[in-house]
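The first chain written gets the first letter, and so on, giving A, B, C and D; residue counts start at 1 in each chain.
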Amino acid sequence: MTGGKVVIYVILNMLMIFLLFTAFFAVFTKNLLNSIITLAIFSAILIVIFVILQAPDAALAEAVIGAGLTLAFFVITINKTKDWQNE
Amino acid sequence: MELPYVVVIILFCLGIYTIIMNKNLIKIVVGVNIVESSLILLLILISFKLGGTAPILDRKYELVVDPIPQALALTAIVIGGSFIAVMLALVIKIYKRYGTLNVDEIRKLRG
Amino acid sequence: MESAVWIILLPLLTAFFLGIFKLYSDKLFYSLVIVSMVIYLYLLILVINDSYPPKVYSIGDWGLLGINLMVDSFSAMFLLIIAILFITVIIFSLNYIKVNKHKFIILTYVMIAGIAGMVLTADLFNLYVFLEVSSMSSYALTAIKKTDKSIESSFKYLIMSTFGSFFILLATILTYYLTGTLNMAEISLEFKSVPFMIKSTIMFFFIFGYGIKIGLVPLHAWMPDSYEASPIPYNVLSSGLVMKSAIYALIRLLYVIFGVEFLTESGILNIGVFWGVLTFIIAHTLAYQQSNLNRLLGYSSIAQIGYITIGLFLGNEKGLIGGSFHILNHGIMKGTLFLVLGIFYYSLKADEIEDIQGLGYKFPVLSFTFVVAALAIVGLPPFNGFVSKWLIIEAAIEAGFFYAAFFILVGTFLSLTYYLKVIIKLYTKTEKKTLIEKPDLSLKLPTFFLGSLCILFGIVPSLPLSLINNIPKFLLNNSEYIRILLGG
Amino acid sequence: MSRVHKIFRKFYKIGLVLFLAIFLLFIFDEIQNLDIKRYLSEHYISEGVQETGAINLVTSVLYDYRGFDTLGEATVILTAAATLSFMAPIKKVKMLGTEFTIIIYQTIIIIIPFLVVLGMNLIFFGHISPGGGFVGGVILAMIPILVTITYGITFSENKLKANHKSLLEGIGAIGFILLGLLGIFAGSNFLASGQANFGLGNPGELISAGLIPYLNLMIGIKVGAGLATIFNSLIKEG
């Protein structure tokens, strides 16, 4: 492996760890709004991973559908339910 | 074993855990989203070859990653997105009727 | 074999055109529904007639590079069920459904397209896509009444079924990873060199995922709720087609991809038979405690799925014939019961057991149809349920599963108890009730049609069996199926 | 008693999930050691550009080799849109009830032409570069969505009526199937484009790849209209 590839490999693994952190935070946080915002970060990291893994089509689709629209749907739901605290 | 596959497994199990353990309806949908993302990540991972380029052949490349799983991943993303939309619409409807998002309380209200 | 692809395209095209016509003209809408139904019936008969020997249709003419459709006897039998149930349900619901009628018909067409796709496709990922099409329209049809119960049960169904879909998708991805292809025949050839442990894991994921959609006992929680809350024409399709298409897909995967030798070796056949026995014993017991007729019939459906599972997992010729015949019969019998119940609900808003007291004197012919179908589903001669159950018992004895044969007899008595309870209630005299609405001929005719099929298939079982007898040829010996699919 | 039972159930479920995780780890480890075959994708990579005329192989798989899958998933979106639109109540509901400053109202108007260009670019260049009908359709759907968010649902529904959206959706879906039927008329099978030699052209040019750009356009129309319907129905919900 050349130098550039090693750097990308390290970045990929770091992003994977971040992905795990965001997923755990999204699941275990008490506040629903925080959870949804973290989910957006989760999707964003996923997009970068897709680009690193040479899948531009999937990255674009994830960007507009996974991170964009789904997030909007979640925000609308939270807005409509107002039950922000997760007892 | 490589780290990315471990991450996929952990995400998959985390999502499953959320779906069966969490009491909040929106959290359950979050769990669904996470499981779906993990499966899409798995698809992209199995398409990847070390040193390969994206499957857009504007000129000759030595090593090109596998295009089939990427196409399947696109399909899975779209299907998953529409499922989540339907789920969230039902969540809103349930909240309007029962006034709560907690699974146990809904069960109680129903009697 | 151009007509095979039309089996999927025609309902889809009809649904899309109906979606446009509903905005402009009611007259155009209903005439299209009728016209497309008649053409569809003709197409189905054409394909069923031409199903032996099996035919392959390659989408986009790509051969093994793309997606293939394949019609063999097993799928032809399913097309027969679609032909019988779809026509009756559409005619029935034209008058029955009051709320969201247009959407109901459109979604039903989409669902039929999804089921036809699942039945015909020979590609693993395509199977998943059509499974999602039919499931998505199922959730919508469950929620279509928009009552509290229907919304809630639809959500429950959606979550549980998505849970199953994840495992199916995971297994599909792993299969692609191992074999590098999605064509069932090629997968089957490649799977010969895959280690035993990995193969059984993938099989476990498939069985778990489809088990939720089928409703085998610990995984059945969504089903009675959805039966209680959804409109009755959908219940007919759900018990006759949606659950059955899942079991169809599972059987096709197990027998074609894994092959019957592997199934015997891994012991899954024993587990399947045991699971079937467990399913119908528990479901019969639960059905006895129900007071709502829809729930009662729902639990009864789960129990019948248990019988079908036993038949299909026995792994011998007779078992496959009996199980497949029971799939057809159960669709017809349960359809009859639900349609009679639907007429009761339409005219009296009756859906509890208490409500139907004395209706046997008010609707003599309808009640007689109900009794015929109930006795058929219990498994008494000379009705169709008896023939298929008898075949399953014989096959179980042949394969050495004596406990299964014994428990099927026990299950017959259990089901007799609760159906007798309903029948006795039906013929108990009570004070006059006032009809809300008189059922007209378009409701009664489909019901009588299905009821007469119960008797017809019981007296002349050779009529459908001539089609069904070919099923084991391509399931028990998957090399024949693979050879045809590979274009040999 | 019931409390013990509850704790037991909780640990039982956690144990189940942990078991699944360990099991999956074991299986993935086993799978990594096997040698894998990829002759199908190798064929796509070596012959795909000539056979379909599209240099984006993902598009050629999605719209040509496995075009039937795409029809299925487009149907899923249509079904979801139909489901949400019948579940939404008829009466109009305000979403956030918030007022924005004039800057936002003006910016939206400036953004819209760019979104049209971007969406159309993604759709029509789907066979040359990343993108395609789904992504482009979502970008086009962003226009009614943004209008709904800023100007409110009433204004948005006035500009683009729900009926028109479902008409567009139907046109997209029917168009996809009719384009597929062209293959049958050309003497080949359903959805044939590469095999029926529909003007494959020079790979890399805009007008090439047979039916793929037109299929992309149909999917784009359908997905755009469908997602706009889904969004507006969610806003009207409750």
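Throughout what follows, a contact is a pair of C-beta atoms (placed from the backbone, for glycine too) under 8 Å apart; a residue touches a chain by one contact, two chains touch by 3 or more.
The model shown is predicted, which means the values in this text are computed figures rather than measured ones.
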Can you list every chain in contact with both chain B and chain D?
A, C
Distance from the mean Cα position of chain C to that of chain B, given in whole angstrom
29
Indicate the whole-number Å distance between the mean C-alpha point of chain A and the mean C-alpha point of chain B.
11
What's the distance between the Cα centroids of chain A and chain C, rounded to whole Å?
39
Quick check on chain D: which residues sit in contact with 2+ other chains?
38, 40-41, 44, 56, 58, 66, 69, 73, 76, 79-80, 83, 87, 130, 132, 134, 230, 234, 237-238
For chain C, residues contacting two or more additional chains
125, 129, 132, 136, 139-140, 143, 177, 182
Which positions in chain A touch two or more other chains at once?
56-58, 61, 65, 69, 73, 76-77, 80
Which pairs of chains touch one another in this structure?
A-B, A-D, B-C, B-D, C-D
Note: in the complex, chain C contacts chain D through residues 2, 5, 9, 12-13, 16-17, 19-20, 23, 57-62, 65-67, 100, 103, 106-107, 110, 113-114, 117, 125-126, 129-130, 132-133, 136-137, 139-140, 143-144, 146, 174, 177-182, 190, 194-195, 197-198, 201
For the complex, give me every residue of chain A touching chain D.
56-61, 64-65, 68-69, 72-73, 76-77, 79-80
Residue positions on chain D within touch of chain B in the complex are 10, 13-14, 17-18, 20-21, 24-25, 28-29, 32, 38, 40-41, 44-45, 48-49, 55-58, 60-62, 66, 69-70, 73, 76-77, 79-80, 83-84, 87-88, 128-130, 132, 134, 204, 223, 230, 233-234, 237-238
For a test of understanding, state which residues of chain B touch chain C in their complex under the given definition.
12, 16, 19, 25, 28, 32, 35-36, 39, 42-43, 46, 68-69, 72, 75-76, 79, 82-83, 86-87, 90-91, 93-94, 97-98, 106, 110
Name, in rising order, each residue of chain A that touches chain B in their complex.
5, 12-13, 16-17, 19-20, 23-24, 26-27, 32, 35-36, 39, 42-43, 46, 49-50, 53-58, 61-62, 65-66, 69-70, 73-74, 76-78, 80-81, 83, 86-87
